[in-house]
Amino acid sequence: MERIGILTSGGDCAGMNAALRSAVRTARKKGVEVYGFKHGFVGILEKDFISLDSRHVSGILQRGGTVLQSARCEEFKTNKGQEKGFSNLKELGVGGMIVIGGDGSLNGAFVLHQMGMPTVGIPATIDNDIYGTDMSIGVDTALNTITHAIDTIRDTASSHDRAFIIEVMGRHSGYLALTAAIASGAEAAVIPEVPYDLGAIADNLLQRYEAGKTNSIIIVAEGGSDAYTIERKLKHRIGYETRITVLGHLQRGGEPSVFDRLLASEFGMRAVEALLEGRSGEMVALQSNEYLAIPFEEVFAHKKVIPQRLLELAETLSS
Amino acid sequence: MERIGILTSGGDCAGMNAALRSAVRTARKKGVEVYGFKHGFVGILEKDFISLDSRHVSGILQRGGTVLQSARCEEFKTNKGQEKGFSNLKELGVGGMIVIGGDGSLNGAFVLHQMGMPTVGIPATIDNDIYGTDMSIGVDTALNTITHAIDTIRDTASSHDRAFIIEVMGRHSGYLALTAAIASGAEAAVIPEVPYDLGAIADNLLQRYEAGKTNSIIIVAEGGSDAYTIERKLKHRIGYETRITVLGHLQRGGEPSVFDRLLASEFGMRAVEALLEGRSGEMVALQSNEYLAIPFEEVFAHKKVIPQRLLELAETLSS
Amino acid sequence: MERIGILTSGGDCAGMNAALRSAVRTARKKGVEVYGFKHGFVGILEKDFISLDSRHVSGILQRGGTVLQSARCEEFKTNKGQEKGFSNLKELGVGGMIVIGGDGSLNGAFVLHQMGMPTVGIPATIDNDIYGTDMSIGVDTALNTITHAIDTIRDTASSHDRAFIIEVMGRHSGYLALTAAIASGAEAAVIPEVPYDLGAIADNLLQRYEAGKTNSIIIVAEGGSDAYTIERKLKHRIGYETRITVLGHLQRGGEPSVFDRLLASEFGMRAVEALLEGRSGEMVALQSNEYLAIPFEEVFAHKKVIPQRLLELAETLSS
Amino acid sequence: MERIGILTSGGDCAGMNAALRSAVRTARKKGVEVYGFKHGFVGILEKDFISLDSRHVSGILQRGGTVLQSARCEEFKTNKGQEKGFSNLKELGVGGMIVIGGDGSLNGAFVLHQMGMPTVGIPATIDNDIYGTDMSIGVDTALNTITHAIDTIRDTASSHDRAFIIEVMGRHSGYLALTAAIASGAEAAVIPEVPYDLGAIADNLLQRYEAGKTNSIIIVAEGGSDAYTIERKLKHRIGYETRITVLGHLQRGGEPSVFDRLLASEFGMRAVEALLEGRSGEMVALQSNEYLAIPFEEVFAHKKVIPQRLLELAETLSS
């Protein structure tokens, strides 16, 4: 393989640049050229790319976001767009593709693979909702950002005897919400995977209030409910004021944590190695502290579930 | 004076604890006892206080929020409540009061002074809207928190060709918004003090877009407009997507910056010294890098304005 | 078991408080009393302890260091001291012990177990040199602190065309140094596990210099060499200035990362559960993303080694 | 003036990039070309520069260090070197120069002015030892970095009953040390401006120890003494262990604080405006919250002193 392509797609997250840097350096060391496509699949359709060498990716390891930029691409969801993309890659002499992104992006990668373009995916999404890998790039950084924000809000909560309802990302997964709740010592978490009982939450807050703990933090995953609904239902049942914070896009960016830099570096190196070994249609993954690659079919066939032990831990510690 | 009282009132901010620590240590060194009233003026009305010595305030210098806690107090806005408060203080042998807080809290301090209780105020509010002092406690920390958040969101904005509209605190003052806009390199700021022209902002963003700068940040002070209104009016005039983030209570807390620790320490020391010199009805202040105390009447008679040079700087640098 | 004891021993690290909090809350929920011994094993010998309930450990989750404090204890290394300790615990009605710390501390735990006191250990040391667990409490936070410090020093290195030699902790293990080198994009790492070839390092730096990269970072584990020796040998072989930074105790403290809060919370909960299940002489551990407990004999019989893949990753990415 | 030059010289500090960005944008808006000389005065001697427009300085506001890089330049200290530099500037059509740096750099700026090249200086040094300006660029960021590091070390100090001796920068000025001591609640500061009495410090630590405060932090400015000397003299007089940390180059870099971004932005704008108004031989400065420009002769004729009130504050609060 003389030339590979790489792109970042979907919502950005911390560590995408580290994965890009690692893939480029690994490929260059093996004498392989790397085309970096801009704006995700749009870059393939518009032949918008740059040839990347080791110096291009110098100084990006510690930067959030993605220097290749990202975008949604409706055109690549159509047969016509996919054929155009495949034909562009052939024309450019690209012999293999690496796609960095979440669920939707990996679907695009799967399409390329099915059309005959050797393609490997790298899971990157702060939601940690991709089956087959214990962690995706960006999760650890997002968790630290969220937890630091909650620590900060706790200052205000404890100064005022208030309940704070904090909404975090996670449309289909409560991983961020539940983990951040444990890490920040929040009093409750509302997540999509577990039916919530506002009566029980309110009772618990009331009990705590009577025992002298007059402030509390409730974390809500956007897929579990929304902060405004929770507040409306909760505020009349507890004896103190409530406030809402929606963390929003603050959760995506920022300097990647060490874990994300390492994970992304490993994923980038292994994705290139997989392509050069002639593999395709796979996603690199971390399972039980081992790096491996698993078929896209397996990734798409299952839904990732929240570890039971996190639920127990949350239950035990929020007392 | 053998005994003074101290309280924190209104919205909490970083540095309140540093001011408390400084006041307690200064007073104790001079042999004066200090009663710390809990929950602002509520603590006076309910005689809820603790006698503070130097060890009580150990380890709080670097903590956000206020260990004395804060609360609104409707009762103290009535004549009856004020008389009860005054009488409670007399009964407890309190010979002078220090009130740490924003506009409303300083009004309460003024009332105590007028009733004959020697009282000195310490300006503490992230909005920096108190006349007579260049800076209030909490402003510098809030600015750093806001600016760091915008830096983080910029990662995402630049990864996606998006305009981000970020709403920050400031009901009557655009100081936070304008300063954070300069410090983060934002493309525009909407503040209460200056009529905004969305057409001009949109034109500017469009020009920049055509020149290749396809992402932007617009900071909105909550008193200037709100992020949702700005987005609704802006999104059809510019060529790219918009997103909203409301920073909310994240802005209040967190570890105080060095500037806030110093300012709060000076204010705390000077407030005690002023009381012991027999002064009352004044607020400690920082003017042109000098510490002084100014009468409450002067504080309440004027409205603080945004320095003209900040407006010029914002104009010059956003190009 | 009606009453258990807990202590932190050896060098402090971020997450010790989180483990303490989790153990206390888990035990209290099961109706078990918890004595927290102060200053490590000294607290047992001097019967210096407090009975901890859930409220005592409120607000410590996010704090570095250890509220139980830690100390070395020469007396507990003698037979006489150990007998006194055992007898004190019996006298106090302590039916089980949890020891949080590094190698030396776990040895003390093993002694208690051998004397007949049910004892479970929790691995906590920033060096990550304890066999049997993939990660110890404190490692992730230390890595993030170190890497952030290197990022900061890189600003200066790249402003001045300088080589910076940065010494980090790790007397017997290069884990911190190697991992931080990968995470910060350092050009070289000197660690105890791998013989280093300064000639090769210098040649590499020279080559890079000639290719235009005129600054570099070399990370040294204190057990691998020391920064001053490396500098003396290196400075005459490369074409540019060198500077040294010894990170020192900065590496221990600070707000624990999310990973450390979770790891510590799991370890604390599982250590209590193990004791209540009648187990003893074991250390809780994380292996391949599973939590388990392994006998102290196994922990002490092996030496932890650096994963080979980290060495490869460092080699590939430093180009 | 059609073209100006700009350079950064001496030790780097946070905010240099912000000053550069502001100067470039201000000049470009007025139609003036800007040559950025690389590596300080070396860039003038070697005609190593780039023509900077607004886009070149995009995205550098929040970055530490200096993208123009800095270096010492022995040649420019000789008459011959100065004549060559002046002649190079003339040849390149440079009609005015802006020099960003500390004492030595401003001396170089003064030389250019005396030779007839209109030159304005911008004070940038973390030591805050430049007479005539209340604050130099980089001071506020360095103080926050130092204070955060001390907060972190305090975790360890309080976990172990230890005295930590922390050496910070400041060859001729104790400003950093004294201010960081106040901001971190350190127990003592050793600075060049005030003769220190180790006996008194030891007595104070002993008293505190006996009163139950068994850990302490002593900050040493490198110009006041050095951490090893202080430790040697102190360790036998107090009842507990001592440890040393030398913060080193960690103090220079990092993301600039909001204050430094604003100060640097103002200085950059005003330096350009001063040149365009035909002024020369001056340094822009902040005095009593007002921006102005003062002659180099005045800057060099005085020595900056530590404000007396900082000494009093340190004395009062360390109790």
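By written order: A, B, C and D. Residues from 1 in each chain.
Just so it is clear, a contact is a pair of C-beta atoms (placed from the backbone, for glycine too) under 8 Å apart; a residue touches a chain by one contact, two chains touch by 3 or more.
Everything numeric here is computed off the predicted structure, so don't read it as measured data.
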item	value
From chain D, the most remote chain by mean C-alpha position	A
Chain A and chain D: spacing of chain centres that average the CA atoms, whole Å	40
Chain centre separation (chain B, chain D; CA means) in Å	28
Inter-centroid spacing, chain B versus chain A (mean Cα positions, whole Å)	35
Shared interface positions of chain A, touching two or more other chains	151, 158
Inter-chain touch pairs (all)	A-B, A-C, B-D, C-D
Interface residues, chain D side, partner chain C - complex	8, 11-12, 14, 16, 39, 63-66, 69-71, 145, 149, 151-156, 158-161, 164, 243-250, 252-254
Touch list for chain A against partner chain C, complex	21-22, 25-26, 28-29, 54-55, 58-59, 61-62, 134, 140, 143-144, 147-148, 151, 158, 179-180, 182-185, 212-213, 255, 257-259, 261-262, 265-266, 269, 287-291, 309, 313, 316-317, 319
